[in-house]
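Take a look at the structures listed below.
In the two complexes that follow, subunit A is the common piece, with subunit B as its partner first and subunit C second.
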Partner chain A sequence: MPIVEARGLTKVFRRPDKGPGLAGAVRHLFARRFTDKVAVDHVDLSIEAGEAVAYVGPNGAGKSTTVKLLSGILVPTAGDVRIDGLHPQRDRTTVAHRIGVLFGQRTQLWWDLPVSESLAVLRDIYGVDHATYRKRMARFDEVLELGEILPVVGRKLSLGQRMRADLAAALVHGPQVVYLDEPTIGLDLAVKDRVREFFRSIRDEGTTVMLTSHDLADIEGFCRRLVIIDQGRIIFDGDLEAVKDKFARERILHVETAAPVPLETLRTSLPGAKVEAEDTPTRYAVRFDRFAMTAGQAVTTLAGLTELVDFRVDEPSIEDVIRRVYSGELVLG
Partner chain B sequence: MRSYRALIRATAKAALAYRFSLLLGLGAVLVQLVALLAVWRVILAESTVNGFTWPQMRAYLLVAFAAGTVVSLLGDFRMAFRILDGDVALDLVKPIDYQKARFAEAVGGLWIELILIGVVVGATLALTGGVDTPAAPALALFVTSMLLLVPLKFLIVYVSTLTCFWTQNYMGVQWARLAVVNLLSGALIPLAYLPGWLAAVAQWSPFAGLTSTPALIFLGRVDGRHALQLVAVQLGWVVVLWFGARLVWRAGLRRLTVNGG
Partner chain C sequence: MRTVRLYLRLLGAHFRSLLEYEADFVILVVATVLMQVVNIVFLAALFAKVPALNGWTFWSVLMMFGAVALAEGVGSLFFDGMWSLAWQINRGELDYFLVRPYPVALQSSSAKIGVNGLSNIVMGIIMIGTGLAHVDIAWTPWRVLLGALLLISSVVIKLSINLATNAVSFWLSSPTPLFAFAMHQVGDLARFPLSIYPIALKAALGAVLPFAFISFFPVAYLLDTGQSRWIGLLTPLVAAYCAVAAAVIFKRGMRRYESAGN
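On to the complex of A and B.
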């Protein structure tokens, strides 16, 4: 049985439709008009225990709204959510013990208390016994290096410190399902790496993770499943690697030769690839389909023609694929 | 219970972080107390007005100060901010009751308020002379009334803060609440000084329990059955508001549209 299940999940926000300026505001007092905005539109989603799912989409696509619906924060306009068979609103307390939520832009730490105190309050709120709590904290400390930030008061934390502390706060109770909404937003690379390593460690322990992110580097090497949402609808739900195989087949081989070579020579020796000159006369870019030709074959062929000084292979990231999906260039599934 | 105890402890500790803003806030309340004392002293120097003598009025003002300081310093702004900002979302995924949790926080801030009350009342008594304490039964009723004041005041502040789900602004709500409470609770002037019909309305409103009821009992201006009746009204409002607040909270939740992509 899936641990997270959504059927026909729909959320419609009603926004007051005011005309411009004071006149519009006054008119709104007498004749209220509203526009409905469908934030999430008949989303079906089921996540098995232990899965790591990437949930991506452009700004305003409905990602955070879905997370709020799945965690019981928002009441759906239509449709149904089950967490481990339970109803997140009706069984709010029971469900709260099973889920952990991190909103990268929000904090659940107490502004005026040291991080250690905030975490201790959460420990008591969730009724975690002290031995388990200590063990968990020790483990969080290994990856997140919590030790140095435990005595710091909430409002004095840097963004990176705050996010590390908030991650610990979201996982104090050892939830079965964790929603991470933009967990690396605004972090520098070193902290991002550490946080990503932490994600992998909780996934490896069998925690179900749903990760929402703009930074697609967060999901590469972490999630096997990719769900793309656009304008409230799921437009793709499938295997991340399969998407890459299918839509990110192109490789670009950048070569630098000892002496200039006529483009025509290169093109005739590499049929099936596109060869272009780059900024200097001895640099070329070779584009090819990795299922038609391997990078090794391309390099060997070129090395037979001329002396190669340097070469590098670029593979498109999942980011390129998804950017193309967003822009409507690519239709998946 | 462990979770609410933890919240009480946490707020009790966090209250210390506010000690400077508390002292500043205290300054404002003190100025008001001193001004009221000075004004009434002049008014009541020659004769009693509406049956209040100067020592009685002094005792009234001190009780009013104590009642005004309890559950006044912390909590509501944080709660309002979390609702307006959408951080309340994170409170919703906690396995605890929202209303009880906020009440626990109000209780956690009490100790610092009690210290302030002790210092100010002590200093005033030392400077202006003592007050008559009522006899044991009335004193017990006074203490009961002061204890009921804690949940009563919490609930009035709590319900008014919940309106942030609709208003998108807290300052206005807070000012409106303070204006109504100051007038109808008897914090500004004893209810006996209000026009008859307004005094009657105020007496049965939840606000009388915030100042007038404990002050009148302390002064011995209401006796036996009448005093019991006033305390019963206080208790009644605590019960009504406790469950009423849950309805408001539920309506607010329906209204909730947390911002963000």
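On to the complex of A and C.
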């Protein structure tokens, strides 16, 4: 049985249509008019225990709203959600023990309490025994380096410190399912690396993770499954590597030769590849399909023609693929 | 029981940080003591001119002032976060409350400590005590027990009204609890004997938002003053009714919660 299951999940927000200023507000009192905003539109999703799912989509696509629906924060307009077979509103307390939620934009730490105290309060709310808590904290500390921030009061934390503390807070109770909504937003590179390592460690322990991020580097090497949402609808749900194999198969070989070579010569020697001149007369870009030719073959062929000074191979990341999906240039099937 | 223990744990954490980080702690306490003193001076000045209000002496009205101050004090010292509910709803701060295994209303109300509540409580007890010392009641164990029950009920009613009126914020979109605050002001009227008010106001304070059960009816019963004293005996029932109603309103409201876009 899937641990997270959503069927026909829909959320419509009603926004009051107010005219500008006071006049608009008063008019609204008498003639209430609303526009409906469908934030999540008939989403079907089922996640098996232990899966790591990337949930991506452009701004305003409905990612955070989905996470709120899946954690029982919002009541769906239509459709329903089951967490481990339980109803998130009806069985709120039981579900709360099984899920962990992190909204990168917002902290759950108490602003007036030191981090250590916020975490201890959460420990008591979840009823985690002290020994387990100590063990968990020691482990979090290894990767997240919490030590220095424990005595700091919530409101005085820097963004990176806050995020590390919030990650610990979302996982104090060892939840089976974790929703991470933009958990690396605003972090510097070193902290990002540390946080990503932390994600891998919880995944490897068997925690089910749903990760939302605009930084697709968070996803590569972490999630096997990719779900793309756009305008509230799921437009792709499938294997991440398969997408890369299918849509990110182009490689670009940049070469620099000792002396200029006519483009035609290069083109005829590399049929099936596209060769273009670059900014200087001795630089060329060779585009090829990695299933039709290997980078090694391309380099060997070119080296037989002329003396190579330098070369580099670029491979498109999942980011390029997804950018093309967002722009409508690419439709994943 | 676990719920209560956890509640005190939450408040305790905030209280410790308050002592540690807030310099204005003492100022707040002094300010509210001063406010209560002003109240009493006003009352004394009033009774210097008029010896009794509809049969109510200075001491009995002092007890009513005390009951209101005590209930209000408990509300701010232990449940001040309720007054932040409108703000919490508006900012989407209930998101995390909703995914924790603890009642949402209690997470909201424990978010803050109103230190001024401390002086309200102390002054409230002093006012009730002084009042009691100056009226003659034939104390029996039964009466003492009943008095305690009435007092607890009175506090429960005030807390329930606070919760219910603040929960109205789930329907209004304002980030400030204007409605709850207006109702709180209305509640101040309950410091005077209900009998001095016109009938419409009597109905409002007695039945719609039963502020009169915080002070007037229980004190009237205890002191055997005024007509229809037996109504005071209903106070515990009214308290139970208010508590249930507030919980229902809060639950309904929670279903309307829409979080906030970032």
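Just so it is clear, the second predicted complex is superposed on the first by the 329 of 333 C-alpha atoms of A that agree within 3 Å, B and C clash if a C-alpha of one lies under 4 Å from a C-alpha of the other, contacts with A are read in each partner's own complex, and residues count from 1 in each chain.
Convention: a residue touches a chain if its C-beta (ideal position, glycine included) is under 8 Å from a C-beta of that chain, and two chains touch if they have at least 3 such contacts.
From a predicted model like this one, the values you see are computed outputs, not experimental measurements.
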When the two structures are laid over each other on subunit A, do subunit B and subunit C clash or fit? clash
A:63 in the overlay: touching subunit B, subunit C, both, or neither? Say first, second, both or neither. first
Name the contact category of A:97: first (subunit B only), second (subunit C only), both, or neither. both
Does subunit B (first) or subunit C (second) touch A:124, or do both, or does neither? both
Could you say whether A:72 touches subunit B, subunit C, both of them, or neither, answering first, second, both or neither? both
Examine A:106 and indicate which partner it touches, taking first as subunit B and second as subunit C; both and neither are also allowed. both
Of the two partner chains, subunit B (first) and subunit C (second), which one does A:274 touch, if any: first, second, both, or neither? neither
First, second, both or neither for A:33, with subunit B first and subunit C second: neither
Show me the subunit A residues, by the header's touch rule, that subunit B contacts in one structure and subunit C contacts in the other. 13, 64, 68, 71-75, 92-94, 96-97, 99, 101, 103, 105-106, 108, 110, 112-113, 117, 120-121, 124-127, 153
For the complex, give me every residue of subunit C touching subunit A. 6, 9-10, 13-14, 16-18, 21, 92-96, 98-102, 111, 173, 255, 257-259, 261-262
What residues on subunit A touch subunit B, complex-wise? 13, 59-61, 63-64, 68, 71-75, 92-94, 96-97, 99, 101, 103, 105-108, 110-113, 117-118, 120-121, 123-127, 153
Where on subunit A is subunit C touching in the complex? 13, 16, 64, 68, 71-75, 89, 92-94, 96-97, 99, 101, 103, 105-106, 108, 110, 112-114, 117, 120-122, 124-127, 153
Of all residues in subunit B, those that touch subunit A in their complex: 2-3, 5-7, 9-10, 13-14, 17-18, 78, 85-87, 89-90, 92-96, 253-254, 256-258, 260-261
